[in-house]
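Same chain, two partners: chain A is paired with chain B first, then with chain C.
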Partner chain A sequence: MRSVSGRVGIWLLLAAVLVLLPHALSFSQQEILVFLTINILLVASYRLLTLTGEWSLGHAVIMGVGAYASALYTKEFGIFVPVSMVLGACTAALVAMILSYPLFRMKGFYFLIGSFAAGEIIRLFWNRFREPFGGPKGIKRIDPMPDFDILVWQFDFFEPVSYYYFSAVVVGASLWLMWRIERSPVGLTFHAVHWQDKLAEATGVNVRAYRTLAFVVASGFAGLSGALLAHYIGAVNPNIFDLELMVFVLTWTIIGGTATIYGPVIGCIALTIVNEIVLREFGLEQMRPFVYGLLMIVSVLFLPKGLESLVQKGLARIASSGLDRDMGRERETPGS
Partner chain B sequence: MVELLAQTGLNAIYAAAYMSLIAVGLVLVFGVLGVINFAHGELFMIGAYVVVAIYADFQMPYVLAAAAALVFVGAVGILMERTMFGPLRDNPLGGLVASIGFLLILQALVSVQFGVRMEHVPPVTQDVIVISEKVRLPVQRLAVIIASIVFLSLLWIFLRKSKFGWALRASAQDREAASLQGISITRISIIAMFIGGALAGIAGALTAPLISVNPHMGHSVIVAAFIVIIVGGVGSLEGAVVASIAYAFVHTIITTFWDGVIADIVGLALMLAVLIIKPTGLFGTADRA
Partner chain C sequence: MFANFLGKSQTRRKFLGSASAFAGFSALSSALPGRALAQGEPIKIGFLAPLTGPVAGWGKPGLDGVQIWAEWVNAAGGINVGGESRMFEFISYDNEYDPSKARTGATKLIQEDGVKFIMMLGGDTWAGVQPVADRTGMLFSTLLNSDLGPETTTLLAPAESHPVYNVTGVEWMAENYPDLKTAVMCAQEDALGLPSVATYLAAFEAAGIEMLEDPILFDWETTDFAPIVTRMLSSDPDIVSLDTCYPDYVHPIMEQLFQQGYSGQVISCTADFYGQIIEKTSVEFVEGMIFQFPDFDDPAMNQDFINFQNPNKFWEVYNERYPGQWGAVSWEYASIMDIWSAAAVEAGSVEPDDVLSTLLASGTGKHAFGDASWWGEDLFGVDHTLLGNWPVVRIEGGKARIKEFRSVPAWYDKHGEILKKHMRAYGQMPDQR
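Presenting the complex of A and B:
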């Protein structure tokens, strides 16, 4: 039932929906869509980090490193914006590389607290040093993405729709890359490091090197999401990348589930819908932390494998009902 | 210069006093339940808000408000154990995530009830002990120091002398062996969460008239508490007290002679250094990650 042409069809349909989606939304909803796209990259990169079994509390700050770096490169050196975004991502990866030396001497709970401390130190540096980070007020008037035309289409990046297309392409490419990485031997080794670290070590895998690699690559993508954010909203400050954002990333990941690459993405989309549609409609935005907190507890208690487990069950049911139809009646009542 | 040092020293002792109340509770909960309670700073915050409600808004006596904070926040601790940490006993990461969820809920409830702006708690007493021209100790701060010593001593006696205290320490050392001895882990966990919550609550109640009370005051407290318990050694109550004192002195001195942000950076860097060099902390022996 899952032919190649069927798959291509599904992807084309998804692409068409993604292209048409912003035109069905209001201006403010289009803006939310841009943030959602950027957050998807952030949360997917966080999942890549958790593949090796380590949960960091510094990921939001690493995103901020990418944002600050890209903003500073354009402002101080006048680097072309798309190039500086890539450089920002590289800077985030580099910072992660430096941090990994002390951090990966720890595991589990200690790594969690250590990454939290490292992130807070970076945030305090942004706060403390007016040159070049701008202190508590951060950096303002960051260069926007320059306009450009492709054939008949004009992209004015003050328009959320244009920026949505741009970031969707970047995020889509990044997700594809992450998916390829996970499917590669390197990605399989990440899984081995998580579930069988002693065995992996015994077979000659340098566990720490792979943990570092996952951390650095994930941080690079997080930095890219930060750069996307910085050039859209045009200003960054230390408070954007605080513990609250980190808590949101955690919530999205936990509620979505981490077994698949689409798990955290589902979590992010579901909670954004809850947040922007349900809460905003009923004027309960003030209760957002409350709802998030409640959802977090409820999902840890009652849905420990996340929303993705529901999707997997649904897919399995579709597949098995298809099989039943193919194979006739004898499968239907195995007990009797 | 001597006077400045003396004043800084007094400030540091005050900071150490309430810091150790918070850190000891956090360590106790981690030791017994094996879960890191991220909402511990918010328990501190709730304690302060109980004082805002009972003492500042309803004009009841301060001592009553402080006692209410102790009991109420202890009860919140029990609620957390029953609803989250109990069901998630074999899932430390789940417990941590749930406690972050609880933190958000507490912050939201307080913001809705009291507003996000700073609350003003009228001082209980304006008296100041004047030691010399520039060395002064407000009586309120002295009360915090004395109360902290009293509560920590009571806890120490409870842990060393009472049957529950023995059971509690036994389960902190080895949960399985303790339950084989007939100790009810559930009951011990409830007691530990009550004590942890009550200590955080009383710390909040005691400091409420001295600091700015707002729904996000828990954040800086929990960061400091993490530094203290890591440096002191996760699972070591004595270590938590000693590290509280050391951290309070370092932090206060750097704040006085340099600035507060640098002091925070130094504190976090110290914690990272301890994590790198001796992850079990300066006093820790138990290795429970």
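Presenting the complex of A and C:
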């Protein structure tokens, strides 16, 4: 009972921190917070894909599919922005479904390269076809999230604080969904497909179908993150979703760790702080490639299970000290 | 949201007003007496350009140049704005050529740093900044005219009339080397490359030079240029045009042209850090290359009509501090500051609205390469480009030399319809963008 109430307390505390956080930041840091929130959804969705053991190099492009689709739905058909975001996510999932047919004829390294090639083909489509994708200049003046009022609160989505709250709700709900999926029998099967694919196949699991399912669901969430981005900055172009962004996603994932849902999220937060706060504050932007490379090497050498392993150790220590306290109390209580 | 709850909705007036208030902490210093004029608070100017990544070559050298400009102006006592002596302070933000980071940078510079004017490279990053400009009314400058449109009411292109000035290089080449009759071209397929492709096609057509094949458009992540160069050379052209390729592309393409034995004419918008190209190839190979950006130690820069202050000294100081780093943009942001500060002095104000209206009021301006007119309605939908003369530069004996200053408006008066035709074919007219 005490542990349930403690857990509720922790969640309430976290929620309070997330609500108050933007008000402790400067305007530009609030802007960074919005992009960080969107990137958290992107990197968490990438981890969902990796549950089946496959690493893709096309995830940033899939994010772009959601961004382009949502932008076009609002611009061409006048669809209400929140609905177009959901449709953008569905389009990204649909594109992933189509790509899965050729891609899942491959595994491992071949899948990795195949996903890169598929992503580049999509990017070339955006570049080549000015109608409807805008060619190299992309799509500009994308409809923003419409402003609205709730009682005395006014939500102006040009302001980063309003958009942060909106995206935090969307990303929070998405993370909860991904967590539920992982804890469900489907999620357990994803793990089985990763670690014991022959055994899983022998027990009747359709390995390819589950890999496809993970790819499609992860792509849907990546597409949603793209839609959130597009309606905030008001513009998309092919260069936004290039290999550089994919390298960032991989770096966040590797440095954060992939054993838990919060691993890549920690990696994303830590490196965003390093990039946007530390390097900028000290005028060391020119050192970015060096710092990222160094962090990657240090992480692989000294923290192979990622930053999440530090959190896990901390939690284990707290749990064991709590256990020791409880046992000590029991020893002191006569007749216990 | 909470700001709104407190009744502070982000209108344009509030946005700028709060920025001024933020900057106003130093206003006390203006009460101190000066020798001739009262000392006002420093004027903060934003520099929002890529300082890292593949496009940094058109950001970092500009920041270096503008810092030299600020040192000179401040050493001379600043500028007189409304009876106060005002110094300059530049605040930079690396947008990494990413629209979302450009948006963040623009809001930081306006909201937190209280800048009065923001200089950008433009291109892909302008799309992220445009909503901020619309909302705040901040005055921005770009080096790329293709960012301009009827809706960009607070965006100016005072230094570069890119890509239109590229026509001067082709025109000069056609007049001086009439035997060159066929050309090929390659460019990265992006917001910078495509309008430039349309311009070179128009210039070639006007000069009677035949394109042997359609321009080769490559992805901006391309690193291997051997197949592109092989394909270009397969048609045995007299001229290879490198369009407006980024410095990171010009160098490997030149290396490939050298390695594959090309000995014809090369024309390019830029040849940044051409000394490095010579090191990788040879003086003989680069001899005769035509481009558009002079070294400022050139004697031709001392002519009476040049408005850039003390260009030879600027070149000397720049090269002392940043040897081998002189490039197309090294002087451009400094020249924009010449134009902006003259307007601020005339307006007696540094507020964006006042400076903008003063700049455009006469319809003319003092461009670095001579007096020019605000132009562009025909091609960009708004007269926000300062268009006049532009130099044609040729490498001779391993050194860039200005061959002539040519009038861009004169070319446009004769061949404007050809340019519009090609711009439309590449989807670059205002109604298509």
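The working rule: the second predicted complex is superposed on the first by the 325 of 336 C-alpha atoms of A that agree within 3 Å, B and C clash if a C-alpha of one lies under 4 Å from a C-alpha of the other, contacts with A are read in each partner's own complex, and residues count from 1 in each chain.
Here, contacts are C-beta pairs under 8 Å (C-beta built on N, C-alpha and C of every residue); 3 or more make two chains touch, one makes a residue touch a chain.
Given the structure is predicted, the values throughout are model-derived calculations rather than measurements.
Student: When the two structures are laid over each other on chain A, do chain B and chain C clash or fit?
Tutor: clash
Student: Classify the contacts of A:286 with the two partner chains as first (chain B alone), second (chain C alone), both, or neither.
Tutor: both
Student: Contacts for A:118 in the overlay, against chain B (first) and chain C (second): which applies, first, second, both or neither?
Tutor: first
Student: So, A:161: does it touch chain B (first), chain C (second), both, or neither?
Tutor: In the superposition, A:161 contacts chain C only.
Student: Counting only touches as set out at the top, which of chain B and chain C does A:137 meet: first, second, both, neither?
Tutor: A:137 sits against chain C, while chain B stays out of touch.
Student: A:243 contacts which: chain B (first), chain C (second), both, neither?
Tutor: A:243 sits against chain B and chain C alike.
Student: Identify the partner contact of A:297: answer first if only chain B is touched, second if only chain C is, both if each is, neither if none is.
Tutor: first
Student: Could you say whether A:309 touches chain B, chain C, both of them, or neither, answering first, second, both or neither?
Tutor: A:309 sits against neither chain B nor chain C.
Student: What residues on chain A does chain C touch that chain B touches too?
Tutor: 120, 124, 127, 243, 286, 288-289
Student: Can you name the residues of chain A that touch chain B in the complex?
Tutor: 55, 102, 105-110, 112-114, 116-118, 120-121, 124-125, 127-128, 243, 247, 250-251, 254, 286-290, 292-297, 300-301, 304
Student: Taking the complex as given, what residues does chain A use to touch chain C?
Tutor: Residues in contact with chain C: 23, 26-28, 31-32, 35, 120, 123-124, 127, 130, 135-138, 140-141, 144, 152-156, 158-162, 165, 229, 232-235, 237, 239-240, 242-244, 280, 285-286, 288-289.
Student: Would you tell me which residues of chain B are touching chain A in their complex?
Tutor: 36, 83-84, 87-88, 91-94, 96-98, 100-105, 107-109, 111-112, 219, 223, 226-227, 230, 234, 259, 261-262, 264-265, 268-269, 271-272, 275-276, 279, 289
Student: Quick check: in the complex, which residue numbers of chain C touch chain A?
Tutor: For this pair, the touching residues of chain C are 1-5, 9-10, 51-53, 93-94, 97-100, 103-105, 107-108, 111-112, 124, 127-128, 130-131, 135, 189-191, 193-194, 219-221, 427, 432-433.
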